[in-house]
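Should a chain be cited, it is by its letter among A, B and C, assigned in written order, with residues numbered from 1 in that chain.
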């Protein structure tokens, strides 16, 4: 009996520890669920500007992804990635259930979108081949396809949800494209998770600095070739092609999602350089969504100083791409702005009334302060080139450019974002009577006057203090 | 002491097992919550076409319900049911917080909707009775009510959220109506759960093949007579009626929710057969929602070959009911299509860019393949008459009709759904330059050419392979 | 050995109880999560009309808050509060991520909103001060600011999300303002939780009748001074002000969020009394959101008998403020109604088709019955002055005024709410053919006739029974 007791306690120990372990597992995943929930509701303690944490190496380039489970991205409901496409390489056709804005950080290329119902009225000259297509008198065969868009450094490009698109680098340097997907968008009826459905290509080996098995699993879910899964005979019948061709189209592909182009044919594709054509259709009311999308402009140059929405000789400039300027953004409910701040210039403290803002630093560095909904600083430090950070809706933030200036592109989750600054010509304080300010802050009317008018000649961007001479 | 030990361990055992059991209970319900969450986010491993699993027998017919907790319906955010109304029987007045599309699979009937603020300008002749109403010269009393709509086999009918409606089978055969409610719709500010608020009638016995006590509880929550719960004296005062009448109106009703009509009066109700009247009001901008709804057409015949949106002499046809054709759908953000495929014809592989699709097989069978967001098949098998299945947004699917052809109606969670096919005149591949395809799939330009143009004369519907002669 | 055993069991006991306790903690918070979830989905067993449960005492008034975790408010997705501002006191500038409707229950005051981009074209005369501003010939300095709105008892005021606003009581009695924030509104991309971001002021001591430490924490999160958190040097630079001024602006403020005004200056602020100016801009299509908001009317008098939307000499009246009358409500997707019922008059049993309704009793009491989605009464009792209660979308409710009459204001979560009554001129039953009613309720055609027509001369409001003489 006395011997049996330790055994009994052993069993109990086992049971207890099992229950406890299982309980902890349940607890943990529950904990994670709650953390996720908290982050999605922007109950954020601290913003952490970050570099991409995942990396997919392809034959013709690299796809770098920011950790979408990072609190700040969960709060904004976005996923961010950076594609680096080598010269003469092609990012394979894919589509996504959420709308995407792309900023071309470097290089140039061609982007094509397949919008069902739009006419294939754009032709490319190419070597004569046997069979279909349109043949010219010279025996040269001309391929017909939908519009191809020229994109260059400084462009913002709008990719609506569900539209298959590809991108080809026809320049001489790397094409670097930074993308933000709005996962919370009404267009996305699937989950709040980045998904790209590829029509071709496949995974190669994945390199990642910080990556657990779980993250690798998540990554596999994020990018997938959907064409490969289909029955080869069914596809052969659907395409009216020999099954061997389908089999080749579906075979394991070690090139990844960005591939090197063989032959010279791609260089013959002509983009639609004349954007005036598109403009003319902007105001026409289209019969249906397809037709509407066919004629909408999808890109805007964000770096043109002459088109700056806010300009200060001493502080810098801001260019907007919103629903008024780029009509397609109204249907996507996203927008962007590009800011160029001169050395030591400031962006006025402000809040965005109706959108989250996802900042990507394109050049230089800045000192940034963000104050959260609980009245506490969630960030007060430097941000550097290549980093991304989120300023949630209503959070108050300010930025001071470093000694070399500061450039950023900010992606926003509204097509008509409204910024309310505390300082300057359009400031919330300037809109208030002096007595309201004097009584609010217990300052003299003279001080309240200064609070209102000391910066009245500046809008959003403030020159360095020493420079101001009022 | 030695005796005390087993007792102590017994107590421990008891505590452990209690804690463990309770933990498991918590774990389970948590598990269920997470499963539900997963399904709602369309993280689906497998689609399972299904028949209704619940059945409410009423005096005048049967209500059959699909299991709304099935992963596929949770993903699409819809609930489906099939009403079978016997001749001369009435589906009692009810309303629901989510909009509903109804497909009349068989028979004919009358549908009335009570829209507050619309005029009661439709009259029915009936026997003279004492009291109110409009009396004609002949002493015959004519009842005034709102518009009554004639519905017939092949019609799709739109029922906006919150509108009380009834349906009467005035034909000689069973009226079979298949309905899909869009629970995720913006109009529904309650939970993602089917609810019908009945103004009359009540539960009879419930028959169900697979039904737990929990499911029965859920069912009781789904359909309820709300009028019965009110205080009889309050109602007597509200209606200015004797309390005995209210008491009779509220009494337990064993007839269920579909009742047999007594007397001949119902046959005298005149539907508004002239739909041109409605059309005329379509473009007028109404002052308010009520007035807007008063004049909108609520039904469309979906089986008219002459009005097919897509037609192929060799493959079949597709008819659409969307926001352009049936304006009320714009306010409901739902739509439908009817497909009739000839034997062995195919529906091109495609994805729907902005909507989930809920398919109901009205005739025949088909071989269906659906590829999910993780690049895996979620379905690859036959679907049969009477079954329902969901193709989530962006999932790629294709269907090949069986040897007797295939007919379906698909309900969609957008008023302007856009399908992007891989094959045919409007295909994503045809919109791309040949060189993009050749490089994407590592095929020759000739093969890419064939990929683009082999099906260029077909749109969405593909004739059986043997028939194609290019 | 024998001694070791109790010790072993003791350890086990400890482990078990620890695991159990931790498990229970997890269980509890999970339980709370599930309860919250249930409430948010309006699975409500019982509605409980309530008074505010929290109270923040400020120097110049009191802020009283209803418990936003109450099931009924979670279901409606709203948060309610009541501000009492003493004469010559100022509610400090603040903004919120969700839109707010305010009903002025008592007193009068001035409300200012800072809308970025709107012109500061309204001037106040004031004592001459040194420095900036506009100086008139008389040496008097005139302050320029944005429009200031006069509000009086009976007004409903619309405050869009993110707009900084302040309120000054320039009358001789307390200004009492009841506010409802629509947290579930599309404009709010943060959590379903009331948040007010104050630009000035701070917490004083908090008084609360029923308040746990957790609640106090929540309250601290709800109202916060965001200006105080910013680095003083950064702000000095941004505002181009001496750092001492910023330091004073940021110092701990024991005055709370409503402060006593010093000096006479506030009395010189001129409200824009002429609303016709605003009206003229109503139909103009604005270039952007800012401009649009600049010219929209933000208030409407809800207590004008001459403008009643529903009027009965014997029963009372209802005034609506919806998107048709007050255009800004279309952008906020909220609305309100004011009901004045005579003694013993009834509001017809009805359901609101597309909105939750948040009732606040402004005078008298009523007997209210609410029937929920499961066909059970969720309320059947009296509601009294100062209480708030929610009638969820589709729930059927009726009210009978007490012996002194009954007045309420109802806030709604749609800009175009539609009520479907069971009784009266616009009733669901009156829209149905008599035979449908007779067969639905198994009553005679004569009784069905009475059901339809006994109240045909009344709309929504029903006179006491004894009074009706038809």
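One rule holds in what follows: a contact is a pair of C-beta atoms (placed from the backbone, for glycine too) under 8 Å apart; a residue touches a chain by one contact, two chains touch by 3 or more.
Since the model is a prediction, treat every value here as computed from it, not as a measurement.
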- Task: Could you draw the chains as nodes, link the ones that touch, and say if you get a line, ring, star, complete or other?
- Result: complete
- Task: Compare the two sides of the chain A and chain B interface and say whether they are made mostly of the same residue numbers, over half shared, or of different ones.
- Result: different
- Rounded Å distance between chain A and chain B, as computed from the means of their C-alpha atoms: 36
- Which residues belonging to chain B are in contact with no fewer than two other chains? 2, 5, 9, 12, 16, 19, 23, 26, 30
- Note on the structure: chain A contacts chain B in the complex at 1-2, 5, 8-9, 12, 15-16, 19, 22-23, 26, 29-30, 33, 90, 92-93, 95-97, 112-118, 120, 124, 126-127, 129-133, 143, 145-146, 148, 161-164, 166, 168, 187-193, 195, 197, 199-201, 220-221, 224-231, 234-235, 237-241, 245, 248-249, 253, 259, 261-263, 265-266, 268-269, 287-290
- Item | chain B-touching residues of chain C, taken from the complex the two chains share | 2, 5-6, 9, 12-13, 16-17, 19-20, 23, 26-27, 30, 34, 41-43, 77, 184, 324, 346, 348-349, 351-356, 367, 369, 371, 373-377, 380, 392-394, 396, 398, 400, 413, 416, 418-423, 426-436, 438-443, 445-447, 449-456, 462, 465, 468, 470
